[in-house]
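Presented below are the structures under discussion, each in the form of C-alpha cells.
Shared chain: subunit A. Partners: subunit B in the first complex, subunit C in the second.
Right, the complex of A and B next:
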C-alpha cells in the first residue's frame, strides 16, 4: 500500500528531538516534500523582561537568553552599553574577555560535535567530545565560579580578576583539548560512518549562503569568508592574528570540519592571549548611568549576534536581540525537501524521525486536509499494526 | 529599502512604539562591513510596510515577529497569518504595543 502525502508532526516533545520545536514534515513515501516549522514553545519574552530594568540588572537577564552562550550574550550587551558610553576597557579586561569568549566557542562547538555523533549513532565519540567539553567547563568554573551561567562581565569591568595560578591551569586544559580534538578530527574524517552519513547532506552552496545572508560556521563551511571578529573587531581580536576556518562544499561534513577547526583555533587564540596577559589591576565595579541608544554585534559560536538597546532615565526602554539562529532557522524549510527521512536528523542535527510520534496525523489529499486519530488512520488507510 | 538589499546584508529590523507611530529601523551590514540603518515611520492606525521576504528570505521571520508583537502589516509577505512566537489561537491585541490596547 502506498501512503499518500501525509504530514508527520515531529516535536515539540518527542524522544527523538531535543529542541522544543515542531516540524510538520510532509512525506511522500520516504521523501520529504515540504516542511513547516512551528516555533514559540520557549518564547519567554526576554525583550519585554528587559524593559524597565536598570543597566546593571538587565545584564543578568541578557546573560540568561541562552544556556550555551551565556558569555556571548553578556559580552554583546556590555559592548552595546560601552558603545553608548563611549568607553574603552583596560587591556587586561579586554584580554580576559577574549579568553572567556573563546572558551565559550570551544565548549559550544564540542557540545555540538558530540551531539552530531549521537545523532548518527556514534555514542563513543559523543562521550569523547563531551569529556573534552568538561575540561573547558572546569576552566570556566575556575575563573568565574559557574559552569553554565557565569555573570562575569560587568559594564566597564569584570566581576572577578583572574588568579595568579589560573592561566597555567587554563593553558594546560586548553592544550589537552586541542590535542584530543585533532585526534578525533582525524578519526572522524577516516571513519566511514561519519563520512557517508554527512557528506553531500544538507548542502548549502555558496550562492545560497550569500542570498540568505548566513553568518558563522555555516557560512564559512559554504566558503563565505565572514567573521564578526575580523570585520568588526572588539577586545583583542584586532591585535591577535588568527585563521578563519573555511570550507567549500557546504555540506554537513564540511560544517563538522569547520567547527572542529575552530575549536583548535580558539585554543591557539587562548594561548596567545594568555602569553601576553597584561599585569595590571582591573577597575572596581560601580553602578552605571546610561542614556541614549546604541547597537553592537559579536561573533557568537553560531554566527553574528546583534543587540540594540535604548535607555531612558537609566532604564531600558527598548531592547532588541537578533540571535544568529533566528536569521538562519528558516533555511530548514528549504534544505529538507527532496531529502529522505533518514537524512532529516543529520540536517536538523537534533531531529530523528520517530514513528512513535504517529499519534496523530494530518492527511492532505487534493488540497483537502483531514485530521485523523491513529486508529482511524490505520482503518482508513489499512496500515497493519 | 529593496534597493539597499542589493549590496548590503539585512541584519535586523527593530520595531518600536513611539506613541503615535511605529518606528522601524532596518540595520544593514554595508559593503565594507559597517553597520548603518534606515528608518521608516508608519502611523499606528494603518501600519503597512512593504515586505522584503521575497528578496531576502530570512526577513520573513523578522517581519512575522514584528507582526506578532506590534501588528505591523508587511505587504507581500505570504506567511504573515502564521504566528511565529505567539500561540496559534492568540486572540488578544499585539502584546508589545505601548498603549491600553496591549
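Right, the complex of A and C next:
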C-alpha cells in the first residue's frame, strides 16, 4: 500500500463544502497528492423541467436554478425571451432591474466573504459580513417581498414597481453596507494571519484562467479583464460608468479583494441608478406568445451566465443553461495537488462554486433525451479533466 | 479547608461546563451576537448522555479512550486548583496526567478508524510531543524557582522572575485548550470534528466534557502558578486568562499546522532556555 492511498473524503456533506460534491483527496501526510471529484448529488434535471412549459411558467423554474442568484437567472431568462421578441423594456424597468442585479451581486459576495472567513476560522468576521448581507436582503424584501426567491422579473416588465420611499431606504442601506465592507476589507488586509492563509493559495495564473474559459471574479482576480456588463451591456450598464475590479496574482487573497471591491462598486452603481431613476409607470404584465430561438448572457455574481432557449408552439422546446461554475468545476483537480489539507477548504471556497447551478448533465440528441452520469458525460463529450 | 476543596473538586465538572457556557456567551458578545444561554452546554451534555451510542468499531481503546480522557483531567483537577491532595513531587504526577489525557485523546482518534480521526490524531501527536515538553520545562522552572517540591509550595509571585516561562505556559495553554487558531486537531472546516467524528452518545459526552475540563484545568493551572497561593490574584488571573483566551478565539483565524508547529516550537525553546537559566542561577545560590 502506498502512503498516498490514504484517502480523505471531503463531502458530499462537509463543512468545507456547502453544497454536495465529493472530493476524494489522496494524502501523503498533510500534503494532497491527487484529487478525484465526484458530482451528481444535486442533479435536478432543471433543463428538462423547463421544457414543455409556456414562457411565463418557465420563468418560475428558471428563477429556481440557483438559491443565491435567483434574480440573475430570472434576468437571463427574461433577456433571452425579450431578445427573441425583439423587445426593448422601458427605462424605469431597466433601471430597477439594474438595481436588483447589483443588490444580488452584493448579497452573493457578502455571503461568500462570510463563508470564506468561516473556512479560515475567523467566525467574528463571518458574523459581521452576514450581518451586512441582511441589510441587502432587507432591500430585496422592500422591493420584491421576498428575501431569497423574488420572482419580480416578468417578460417585458416587472411584477412590482418601486414605492416612492423605497429608493431612500435602499440608498441608506447600501451606503451603510459599502462603508462597513470597506472597514472589513481593510481589517482583512491588515490581519497578517488572514493574508498568510490566503496569499499564494489556489493560484490560477492568467494563462490557466484563459485556457479554462473562466469568467467573473475568478478570472478578474487572475488578471483577465472580462465582464459581461462591459462587453455586452444590458439594462443601464451602458449608461453607467463603473470600475471593473481586477487583480493579478489570481490567488485566494486576490479573489477576496476583487469580490469585496465589487460589493463597494455595486453600491456605487445602485446609488447612481437610483439618483437618475425615471419617473414613469411600468407597463402592465400580459401573457406572452414566443416562437423561435435566442440566447443571452448576463454577468452573474460568479461570472458569465448564458441562456439558450428555443420555443415551439409557445412552449419551451429546448433550454440550455451554462452557469459560470461549469467552467471551473473540474479545475479543483488541478489546483489542489501539492497543497496541504488545511488549504483544501480555502481553495474550494475561494472559487465560490455553485453545484446546484451546474449539475445538469442532460443531453438531447436527435430528439432523444439522455441522462448521463458525470463519468459518462466526461468520456462522451470530452469535458476537461 | 480540605472539605471545601473536596466539594469544589467534585463540583469541578459543573464549574467547567458553566465556564464553557460563559465562554460561548463572551465570544458571542464579541461577535455582536446574543449567543446561547449560559447553561446551554448543560443542555448539550444532557442530550448526549441520553442518546444511544452507536459504536462503529468493537475496539477496547475506541470504547474506553473518551472516558479515560475525561477522567485523567478530572484527576488532574485534584492537584490544581483545588489541592485536594498534595505530596512531594506532585508536579511530576500532574505532568503525567496532562500527557496521559492528551495520549487518550490521540488514541480516541486513531482507534476510531475514521480518516478524519486519524488525521486529527496525527496532527495532535505532532504538536503533543513538543507542547508537553514545553509544559514540563515551564512547570519545573516554577517549582525550582520557588525552591519547593510541591505545587502547593509555590507561594510567592514567582511569575515576576519567570516571565519567559509564563509566556510559554500561556502559549501551550492556548494550544491545549484548542483555541480556534490552534485547533488544527479539530478544525471543523478541514477535518470535520476530527477525533470525535465517529463518536456518539456517552462517548461523545465524555469527549466534549473533556474539552471543557481541559480549558478549565489549564486556566486554573496557569492561575495557580501565577497567583502563588493568593486567592484574589488567582481570581484576577483566572478572569484575565479566560477573557484573553476568548478574545484570541474570536479575533484570530486558524493557523495552518505548519505555523502551529513553529509556534509550539518557539514556546518549547523559550521554556527550555528559561529552565536552563533558572537551574544555572539556582546552582549559584
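The rule is short, and it goes like this: the second predicted complex is superposed on the first by the 341 of 385 C-alpha atoms of A that agree within 3 Å, B and C clash if a C-alpha of one lies under 4 Å from a C-alpha of the other, contacts with A are read in each partner's own complex, and residues count from 1 in each chain.
In the analysis below, a contact is a pair of C-beta atoms (placed from the backbone, for glycine too) under 8 Å apart; a residue touches a chain by one contact, two chains touch by 3 or more.
As the structure is a computational prediction, the values presented were derived from the model and not from experiment.
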Joint occupancy of subunit A by subunit B and subunit C, clash or fit: fit
Who does A:206 touch here: subunit B (first), subunit C (second), both, or neither? neither
For A:196, decide between first (touching subunit B), second (touching subunit C), both and neither. second
Should A:131 be classified as contacting the first partner (subunit B), the second (subunit C), both, or neither? second
Let me test your reading of the model: by the given contact rule, A:330 touches which partner, first (subunit B), second (subunit C), both or neither? first
Considering only touches as defined above, state whether A:295 meets subunit B (first), subunit C (second), both or neither. first
Shortest CA-CA distance in Å separating subunit B from subunit C in the superposed model: 23
In the superposed arrangement, what residues of subunit A touch both subunit B and subunit C? none
Residue set of subunit B touching subunit A in the complex reads 9-12, 14, 16, 25, 27, 33, 35, 37, 56-58, 60-62, 83-88, 95-96
Considering the complex alone, what residue numbers of subunit C touch subunit A? 27, 30-33, 115-116, 118-119, 122-123, 180-181, 183-184, 187-192, 250-259
Subunit B partner contacts - residues on subunit A that touch it in the complex: 38-40, 43, 47-48, 211-213, 231-232, 295, 297, 304, 306, 308, 310, 318, 320, 322, 326-331, 334
The answer for subunit A against subunit C in the complex is residues 6-9, 14-16, 27, 29-30, 117-124, 127-128, 131, 191, 193-194, 196-197, 340-345
